[in-house]
Amino acid sequence: MKKLINTADSVVEDALNGMAAAHPSLLVRDRVVYRAEGPRAGKVGLVSGGGSGHEPLHVGFVGYGMLDAACPGEIFTSPVPDQIIDATRAVDGGAGVLHIVKNYTGDVLNFEMAAELVEDVRVASVLIDDDVAVQDSLYTAGRRGTGATLFVEKMAGALAEAGAPLDQVALVAGEVDERSRSFGIALTSCTTPHAGKPTFDLPDSDVELGIGIHGEPGRARGPMVSARELAGAAMEAIHGDLPLRGDLLVMVNGMGSTPLMELYIVFAEVAAFVKGKGARVARSLVGNYVTSLDMQGFSVSVCLLDDTLTRLWDAPVETPGLRWGR
Amino acid sequence: MKKLINTADSVVEDALNGMAAAHPSLLVRDRVVYRAEGPRAGKVGLVSGGGSGHEPLHVGFVGYGMLDAACPGEIFTSPVPDQIIDATRAVDGGAGVLHIVKNYTGDVLNFEMAAELVEDVRVASVLIDDDVAVQDSLYTAGRRGTGATLFVEKMAGALAEAGAPLDQVALVAGEVDERSRSFGIALTSCTTPHAGKPTFDLPDSDVELGIGIHGEPGRARGPMVSARELAGAAMEAIHGDLPLRGDLLVMVNGMGSTPLMELYIVFAEVAAFVKGKGARVARSLVGNYVTSLDMQGFSVSVCLLDDTLTRLWDAPVETPGLRWGR
Amino acid sequence: MEADVFVAWFEAAARMVHDERDRLTRLDAAIGDADHGTNLDRGLTEVRAALDGSPPETPGQVLATAGATLIRRVGGASGPLYGSVFRQMAKSLESPVTLAGFAAAFEDGVVALERLGKAVPGDKTMVDALTPASRALALAVRDGVGVREAFRQAARAAEEGAKATIPMQARKGRASYLGERSVGHEDPGAASAALFMAALASVVA
Amino acid sequence: MEADVFVAWFEAAARMVHDERDRLTRLDAAIGDADHGTNLDRGLTEVRAALDGSPPETPGQVLATAGATLIRRVGGASGPLYGSVFRQMAKSLESPVTLAGFAAAFEDGVVALERLGKAVPGDKTMVDALTPASRALALAVRDGVGVREAFRQAARAAEEGAKATIPMQARKGRASYLGERSVGHEDPGAASAALFMAALASVVA
C-alpha cells in the first residue's frame, strides 16, 4: 500500500484538517463539517454523512445550495449518532432538518438512532437507493445509495435555499431518488488504509460489474472490454430498470483513481447510448464525485429531469466539490 | 494495463468527443477546443496546448475567464503547428493572441513554428518554467512548465477578459510565472496507452522526487515516507528556491490517480509548513488539475500573490475544470 | 456475578478482538467493506478506557457503559447492533445476577438486536452466532449446568453458529449485495460475536 | 538519384521505425516520456500515405513532402526537428542529385536541426547520430567512394553515434531533466536517426 497519509488511524482527522485549512467557508468541529456562517433562520437544514473515502461526497458538498453539515465516519464506516445529533442541532434554523441517508444498514441505523434522540428538532429523512446492481427484494438490504446522493443533495439543497418547508424538501428529495438510477464497474479494487492491501484481487483480464462505493466486489465478474462495451453494460442495466426518456441529468463518475480523460471517453459512449434510446443529455457531470478511495472504475448515474428538477439543478451552488452560479 | 478506452490510437479523439458531448459551452474542431461562442472583438485571445494526458489541463480550462482555445496533442506529445495556427487565427478578436507555452522542447518548437506562420495575427508568448526540480542551467533544457500553467491561464485569462491589451496580458502572464514555483513527487509511474505498461518501475518502498508531468522519472529516488515528510520535501525545495512570504496562492495537485482525501492530507501539511515560515495561504486549490495520466502522487505549486494577482485569481471563471463567480 | 466479571468480559473481548482484528477485517473484505476488525477494535478499546476511567459498580452499569460506548464510537452496522444488545441487557438484568438472569437478559439483548436489524437466523449475520449462544444458555439453565460450563457451551454454540454462516447466502447487511457470491465465506459479524462469547467463557474459566 | 530512391528511403524508414516502434518507445520510457516510437511511427505512416497519394516528381519534392508531413503530424520535439532536416535538404538539394550534392544537402539539414534545437554533439540527442553520418558522407565524397558504400558508412556512423549516447549525460530535451540519471541509456532520437540512415543504406543496397 502506498498512500499519502501519516498514519492509518489519522487519515480522516488529517484530511478534515486539510479541508478546514483549504476552505475558509467551512468549519470543522467534532468530526462534523459545517458551513462557517452557520444556520440561516427559517431555512431547512440539510445533513448528510456516511463513511469517509468517498470524497468529495459528502464533506465537499457542504456550502450554499447544498448541505449545511456533513458527518464523516471512519473509512467506509457510517458516522456515529453523536455526530449526527450535533450536526442536526447545530444547523436547525427553526424550520427543521432533512437527513439524507444512503441505504446501508450502518448509515440507516445510526441516522435513525440520532433522529430519535434529537426530539427538540423536527427531522425528516430521505433514503437514497439508486443502485440497480442490487435487486430490491426481501433477500437483500435493499438497493444501495450511490451517485444519486449527489443529485439529491444538490436539488434538495437548492429547494431548501429557496425557502421551501421541510415536508416539501423531503418530498422532492425522495422524488429525485425515485427518478435516479446508477450502476458501477470496477477495474481494480481499492485499498483501505487499515487493511493495507486490496480488498479483492482482480486479474487484468476482468472487471467487477455492479459495484458499490465501499470497495466491495460487485454482483458479478466479467471480462475487461472496451470503454464502449463497459459503458453499454452500465447503461443497459440502468435502462432496463428505468427506461430512459426525455431530458436526462447524466453523471459519469470516477471511483477515485480513474483519470478524467478516461471518464470523458466513457461519457462519449454514454451520450451515444442515450441518443440511441431517443432521450437527451440535458445536463451532465463528469469527474470524481462519489469515490471509493483509490479504486479505478466508474459509475453512471442518470436522473429523469422535469422542469422543476432542472431548475433546482441549475440553481447556484458554492461548495468545494460543486460550484456554479456564484 | 487496464484503462477505460476503446483503442490506444483513439484515446485523444474519443475523450474530445466526450468533452464536446458534456460541455455545450465548448466547440471541438480539428483537434482544437474552443469556446463555443467564438472570439470577442477587442479581447486578447489566449491559446495554450500541450500533450494530452494532463486533463483538465488545458482543454478543461477553455471558457470565460481563462483560455479561448486549447490545442491537445497526442498523449504526452505537444500539438502540431497546424492546430496552433488554426486556434490562433480563430480566436483573434483583433487584439492579438497570447500563446501560453510550457517549457518543453516539443511545445516550444511547435508553438514557435506556428507563431512564425501566422503573420496575419499579432502573437505574443509566455513560457512557463516553474518546476524547481530542474536546475535552470546551460546543462538542461531549462525548467519545466507544470502547475503554474494553471495560475497563468487563470490570471492572464482574467486580465484579457477585462480588456487589457496584449503586451500587458503577456507581461502579467510572465510575472505570474516568475512568482510561481512547483515541485512534484510520484508514488507510482503512469502507463501510456501505447506503451501498455508503466513507464518506470517503482518499488513500494520508494518514491520519485522532482517529477514532471509526463510520467518521466524524477531527479532522484527517495524512501516512501509519511505525507508530512513528503509535503515537507516538496515545500523545502520550493522555499529554497523562492522564499515564501506574504500572501500565497497554494495548489496541492494530484497526478491523476490520487484520491482527493490524500490531497487534503498533504494540504494540511503544506499549510502548516507555510505557517511555519510566517507566510499565509491566502488562496488555495486542492484537486487533480495538472495530471499525468494515471500516476499516483502530487505536486505543490505556490505563487506569491500581490493585490493585482489576487484580484485576477478571484475574478469570475467558467470552464469545465475551474469555475467560480458565474 | 458481580460487576468485575462483566468488566473482565469486556476486557477479554477487547483483547481477543484486537488480536483477531486482521482476521475480522479479512472476513469483511471478502463479503463486505474491510472495516469490521478496525471498527470493533476501536470500539472495544474505547469501552475499556471508559470502564477503566470510572469503574461502574453494578453489572448493569458495565453493560450500559459498554453499549453506549459501542454506539458512540463504532459506527457502521455493528456499532448500533452490538450496542443495542448490551444496552438491552443492561435494562433487563436483575441483581443479583444469576445464570438464569444472565441468560434471560442475554435473550432480551438478542431480541433487541433482531428487532433493530430486522435479521432472522439464516440471514448470515451476527444473529446466527448469537441466537445459538442464547439457546445454549437457556438449555444450560434448564439442565442446571454450572456457569462455567454454561458459558463454555454458549461459546461453542456461537462458534458453530459463526461457521454455519459459511454456506449461507446473505440476506442482510452489506454481504447481501453480493447475492450468491456471499456463499462460501464466514460472516465477519458472526465471527466477532463468537469472540464475544469466547471472551465470556474465558472470564469464568 | 531520382525521386524514386527518395520515396524508397522514406518507405524503408517507415517500415523500420514501425518494426522498431516499441524499442524506441522503451528507450524513451527510460529517459523521456515513452512516446518517441509512437510519434515517429504515426508521422512516417502519414509520410508514406502522402507520397503514395500524389507521387512527387523530384527528390526535392519528396523531401519537402516528408518534412512538411512530419511537422504536421508528429508533434513533440522530434516532429519539428526531423521535419526541419528534410525541409532544409529539399531546399539545398540540386538536381541532378549526385552523392556530393546529397552529402552537402544532408549537412545543411543537420545544421538546420542544430540551429533549431540548439543542440551540439555530446548533448545526447539525434544530433549525435546525424553529425557522424554527415561527416561519413563528406569523407566518402572526398575519398571517391560509391553511393552504396557511402550510405553504408553513414549508416554505420549513425549507429555508432547512437550507441555513443549511452554514457552521455543529456543536456537537451526531456532527458536533461534527469541529470545524471540520464547516463547509461541510449537516446531514443539518436536511435531513430540511426534507423533513418540504415533505411537509406538499404535502399541502394
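Just so it is clear, A, B, C and D label the chains in written order, and each chain counts residues from 1 on its own.
The definition used in the following text is that a contact is a pair of C-beta atoms (placed from the backbone, for glycine too) under 8 Å apart; a residue touches a chain by one contact, two chains touch by 3 or more.
Molecules present, by chain and UniProt name: A, B = Dihydroxyacetone kinase subunit DhaK; C, D = Dihydroxyacetone kinase subunit L.
Computed from a predicted model, the values in this text were never measured in an experiment.
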How many Å are there between the centre of subunit B and the centre of subunit C, using C-alpha atoms for each centre? 54
Chain-centre distance (mean CA atoms) for subunit B and subunit D, in whole Å, is 32
So, in whole Å, the Cα centroid of subunit A is separated from that of subunit B by 29
For subunit B, jot down the residues that touch at least 2 other chains. none
Out of subunit D, which residues touch more than one other chain, so two or more? none
Based on the touch definition given at the start, go ahead and assign the chain network to line, ring, star, complete or other. line
I'd like to see which chains touch which, written out pair by pair. A-B, A-C, B-D
Which stretch or stretches of subunit C touch subunit A in the complex? 25-26, 29-35, 37-39, 42, 71-81, 116-117, 169, 171-174, 176-179, 181
Interface with subunit A, subunit B side, in the complex: residues 1-7, 11, 14-19, 21-23, 52-53, 55-56, 60, 187-188, 204, 224, 226-228, 230, 256-269, 271, 281, 284, 286, 288, 291, 293-294, 296, 298, 318, 320, 323-326
Help me check something: in the complex, which residues belonging to subunit A touch subunit C? 51, 73-82, 104-106, 109-110, 113, 133-135, 138-141, 144, 192, 194-195, 199-200, 212, 214-217, 219-220
